[in-house]
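For reference, the structures are reproduced in the following blocks.
Next come two complexes built around subunit A: one with subunit B, the other with subunit C.
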Partner chain A sequence: MRYVTIPADKMADYITALARRQKVVAPVEKGKGQFAFEPISEGREATLTYIPTILPPKKFFMPQYETLLEYDLHEGQKMQAVVELEEMVLFGVHTCDLAGIACLNTVFSDRPKDLNYLIRKNKIVIIGLECVAYCDEYASCALMNNHLPNGGYDLFLTPLGDRYIGHVNTYIGDSLVEEGGFFRDATGADFAALEEVRRRKREVFHDEVPIDLDEIPRIFAHSLRTTIWKEIGDRCLSCGNCTNVCPTCYCFDIVDKPNLDLKSGRRIRVWDSCQNERFAKIAGGESFRKERSSRKRHRFFRKFRYPVDRFGKFFCTGCGRCSRTCMARINLKETLAQLAREYV
Partner chain B sequence: MKPRIAFFDFACCEGCQLQVANLGEALLDVLKLVDVVEFREVMSEKWAGPLDIAVVEGSITTKEAVERIEKIRARSRILIAYGSCATIGGVNGMKNRSPLEEIRRTVYGEHAHTFPTIATRPVDQVVKVDYYVHGCPIWPPEFIEVLQAALQGVPCFPPDHAVCVECKLNENVCLYDKGVTCLGPVTRAGCNSWCTNNGNICYGCRGLVSNPNTKGAMDVLARYRIPLELVLNKMSMYNACREQGKTP
Partner chain C sequence: MSKQKLPILESEYNIRPARILKVRQLTLTEKLYEIGFPNGESLNHDPGQFVEVSIFGVGEAPISLASSPTRRGSFDLCVRNVGKVTAALHQLKAGDSIGIRGPFGRGFPVQEFVGNDLLIVAGGIGLVPLRSLIHYVLDNRREFGKVTILLGCRTPQNILFSDEIETWSSRLDLSFSCTVDKADPEWKGNVGVIASLIPGITLSRHTYAVVVGPPVMYRYVIAELLLKKIPAHRIILSLERHMKCGLGKCGHCQINNLYCCQDGPVFRYEQLRDLEEAFPR
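Presenting the complex of A and B:
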């Protein structure tokens, strides 16, 4: 296990040096207090104090529109599987989003394995970044146990005021800190400072929702028929924002895009959402989830119940994006608290 | 023989024809697939015979237009309505918000009697429509997609979810967060959030989603302190014909 440090005022230069060698993607300010992961060429374009980006880093692991195969019907039926991949360094990923990527890894490694995802993922280098304060009132990362790093990165940086301490987690991480001689090995004082940051963090990060994580499965076992779903369903506009911004929502549709010769074309994967009107619609016009209330319930169950049964983990990272983006102010923390009150 | 295709216009600004004429390189590929026999904006030739595909722009606003569209329908195997005027009535629908006589006098003054018109209708409230390309103007990639489907004889349904979906996939900052009213949450997608990508608001030109949450939308407006009047006004800019009949 190797720890290194870098002076805070050298960070921008370090990112620039990385970007000289390869594609670097980092949080960039988009106005109105919002951020997005975007390719940068200079370190000063990146913002290292940011709240969760509009879209989570999942957009690099499973892009909004991704070609899966190319076909050609000119002679017989030719098909060629395609993996669109891009090497990049994903800089400044918060612990909530590292947890989100871990969830996607779990899903796409499940059989049948999703090779497009797994091949792409192997080309993405991840540099994590610790939050020392809450982003805003929507976060529930401590409830979900995602406020502290839990692996899933090559290098993880924690701000210590005038410097950052970095945890080197992989061989790639090792080569990352060799870049340009910006880092030196951490000393006892650095470790003490890190301990102090974590101690203060434990004091601040807790009790976002008045429940325990272990209670959630029991709460959801009893919440199938509660009227809470109807209440939030009545408010929901089905705009799909909550699922599109969710770091663990991975539902997609697959469509064929013919070229103009009508004989050849591409088969692409597009993000889909259980909140969309047609998502659960089948032949004959029937829909399994016609009511908004049942779609809302489905979304919550896909975070707090079904993945627990199947993968033994929650698929909510506590990033707060769904609540932050909801025009109808459907708030995940409030809904959890409401469900808990009803059960108790 | 390539399928015969003709472009027709009714009450409209002909801007959607312009979009097709402006397809650029893709237009050359389109011309390899079809034989364009009539297209007023780009050629002088006319065609009175049978058609494989009629592409119709504009809404139906006069008795003569009703007869003309019926005749076009009768000689066309497939009819594509394109542009808001044709698919949902579009801005022409604003006429329906006032009594016909009154609106005629406002527009034509003392000569009103020489311009007999009827209430605005989208094409499918008069004849059967097989495919729709929504939008004001149409989004060129969608026109090509629908044309491809028509040529392949497969159905093509415009999305029935909100513009917000595409806007979010494009990672735009929400206009409501910028303090601007936008019709994205109730308007059907399919334009790749063309306007909001470019800093404009959504005007609802593609028509409403089939199942908008009206009550929920009103609550949202109240929360953002947006007067309902303002939004209804914006909505009826393109969607005034909606009350008249169900549009796809």
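Presenting the complex of A and C:
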């Protein structure tokens, strides 16, 4: 177990040094209070105080468009399954998004394994970053137990005012802190400061919805036929924003992209959304989630009930992106609170 | 280090090159394809499983297996021309190349059927996956008790495998009845929905009912079967969903917490009766 520290005013230089050697992706301010994970070449481009990015780091682990297979029909039927990958350092990942990556890891490691995902993820180095205050009123990370680090990183940084303390979690993390002599080993005063940050955090972060986490699967089991789904279904525009920005939504479509010669091309995987009406449609024309309410309900069940049965964990990280982005102002915290009220 | 593209030999998305050996037009909209692998290898599937059929440049579509694994060296797919991939498939002839992924999913529990009577209820194109079971049962006939097949179609023109049906109806080791929703002047058989055939038959206490048909059919057929005192765990169904990946990942075929491609497509009614999304509402 190794802890190190780096002065806050040296952080930008450290990121720049990292970016000299390899691709570094970090949160970047996009204006209008929005942030995005983007490749940077200088540390000063990164923003270390940010609210959850528009798209979660999912976009690097499971790209929106990804080639699964290349084919060539010029001489018979030639094909090759491929994985597209890129080595990178993902800098400044909040604990909610670390939890999201852990969910995706669970899904794609489940048999039959998804090698495209599993090979790619091992090329991505993760440097986590702790939030010492709430990003905004949409988050429910404390309810989901994701406001504190639960692993899933190579190096994890916690701001301590004039410096950051880093938890080195892997050999890769160890090599990261050797870079350029920016870090020194943590001392007793640093640990005391970390302890103080966590203590203050416990005062600030509380369950954002008055609901017992362990009760949620049971509440959902009783809420299949509640009118709450109809209420939010009536407001839903079926735009699919919530599934795009969700760190744990991974539904996809597989389509062929022929080249101009129509003889060769690629078979690609592309993000899809259960909020589209045609998502659950079959060849005979029958659609099994025709109503928006049934599609909204499906999405909530895929966060709070089905994955609990299948994988033993919730697939909501509490990042708040779905509520932040919803044009109809459907708010996850409100919906959970409503379900809990009805259940009692 | 920049973006890389590496081959993966073990990818679940790799397809097996296959060839169309024979094509037969069954009705105006359905064709039967006999498919073989270049080296004559068998698919080694279970009755009731499905494959992803791949036509490069068009895409993939999940198709039920229509033949029994007891027939080695090739397998049958019966395809209705309804979508992009199936339309392209209908353009292909014997000798053309396609790709196959699979077989996928859970088939009919044939080992559990051994020593029991079977009531097979087929509605329309539901006969296609059931044909894999019927052939399997006929190839292993002594393993099973009484076998009854009920078939329902919209009109006589929609009847699939009419030549085989003729032999089934004359065989002594199985009982076969057919009904059409709408008759034509030449039709001499039953007229009415398939559920109407069930009250008239006598079933032993050790009967398994195997039902495959269009989504709207299940509610009526299952109601009749329950009246016949067939328990929910002995009512076996195969559901149609759009399985895009076949690997329990893409989400398209999900029925509440079940994935049709991995947990199905064959289910027991017991598993489905409380699921909101199993049958049309």
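Just so it is clear, the second predicted complex is superposed on the first by the 344 of 344 C-alpha atoms of A that agree within 3 Å, B and C clash if a C-alpha of one lies under 4 Å from a C-alpha of the other, contacts with A are read in each partner's own complex, and residues count from 1 in each chain.
The definition used in the following text is that contacts are C-beta pairs under 8 Å (C-beta built on N, C-alpha and C of every residue); 3 or more make two chains touch, one makes a residue touch a chain.
This is a predicted model, so every value here is computed, not measured.
**Student:** According to the stated criteria, A:258 is in contact with first (subunit B), second (subunit C), both, or neither; which is it?
**Tutor:** After superposition on chain A, A:258 lies in contact with both partners, subunit B and subunit C.
**Student:** Looking at the overlay, does A:76 come into contact with subunit B only (first), subunit C only (second), both, or neither?
**Tutor:** In the superposed model, A:76 contacts subunit C only, not subunit B.
**Student:** According to the stated criteria, A:280 is in contact with first (subunit B), second (subunit C), both, or neither; which is it?
**Tutor:** second
**Student:** Taking the superposition as given, does A:14 touch the first partner, subunit B, the second, subunit C, both, or neither?
**Tutor:** After superposition on chain A, A:14 lies in contact with neither partner.
**Student:** Give the label of whichever partner, subunit B or subunit C, reaches more residues of subunit A.
**Tutor:** C
**Student:** Can A:235 be said to touch subunit B (first), subunit C (second), both, or neither?
**Tutor:** first
**Student:** Jot down the residues of subunit A that show up as touching in both complexes, subunit B in one and subunit C in the other.
**Tutor:** 258, 262
**Student:** Can you list the subunit A residues touching subunit B in their complex?
**Tutor:** 30-32, 34, 36, 54-55, 59, 64, 234-241, 244-245, 257-258, 260-262, 271, 273, 275-278, 292, 325, 327-329
**Student:** Would you mind writing out the residues of subunit C in touch with subunit A in their complex?
**Tutor:** Within the complex, subunit C contacts subunit A at residues 1-15, 17, 56-61, 80, 82-83, 86, 97, 99, 214-216, 240-242, 244-245, 247-252, 254-257, 276-277, 280.
**Student:** Which residues of subunit A touch subunit C in their complex?
**Tutor:** Interface residues on subunit A, with respect to subunit C: 22-23, 67-69, 71, 73, 76-77, 79-87, 107-108, 110, 112-116, 119, 224-225, 250-256, 258, 262, 265, 267, 272, 274, 279-284, 286, 288-289, 294, 298, 301, 305-306, 309-310.
**Student:** Could you please specify the touching residues of subunit B with respect to subunit A in the complex?
**Tutor:** Of all residues in subunit B, those touching subunit A are 26, 29-30, 32-33, 144-145, 148, 151-152, 159-162, 164-165, 168-169, 171-174, 176-178, 184-186, 209-213, 215-217, 219-220, 223-224.
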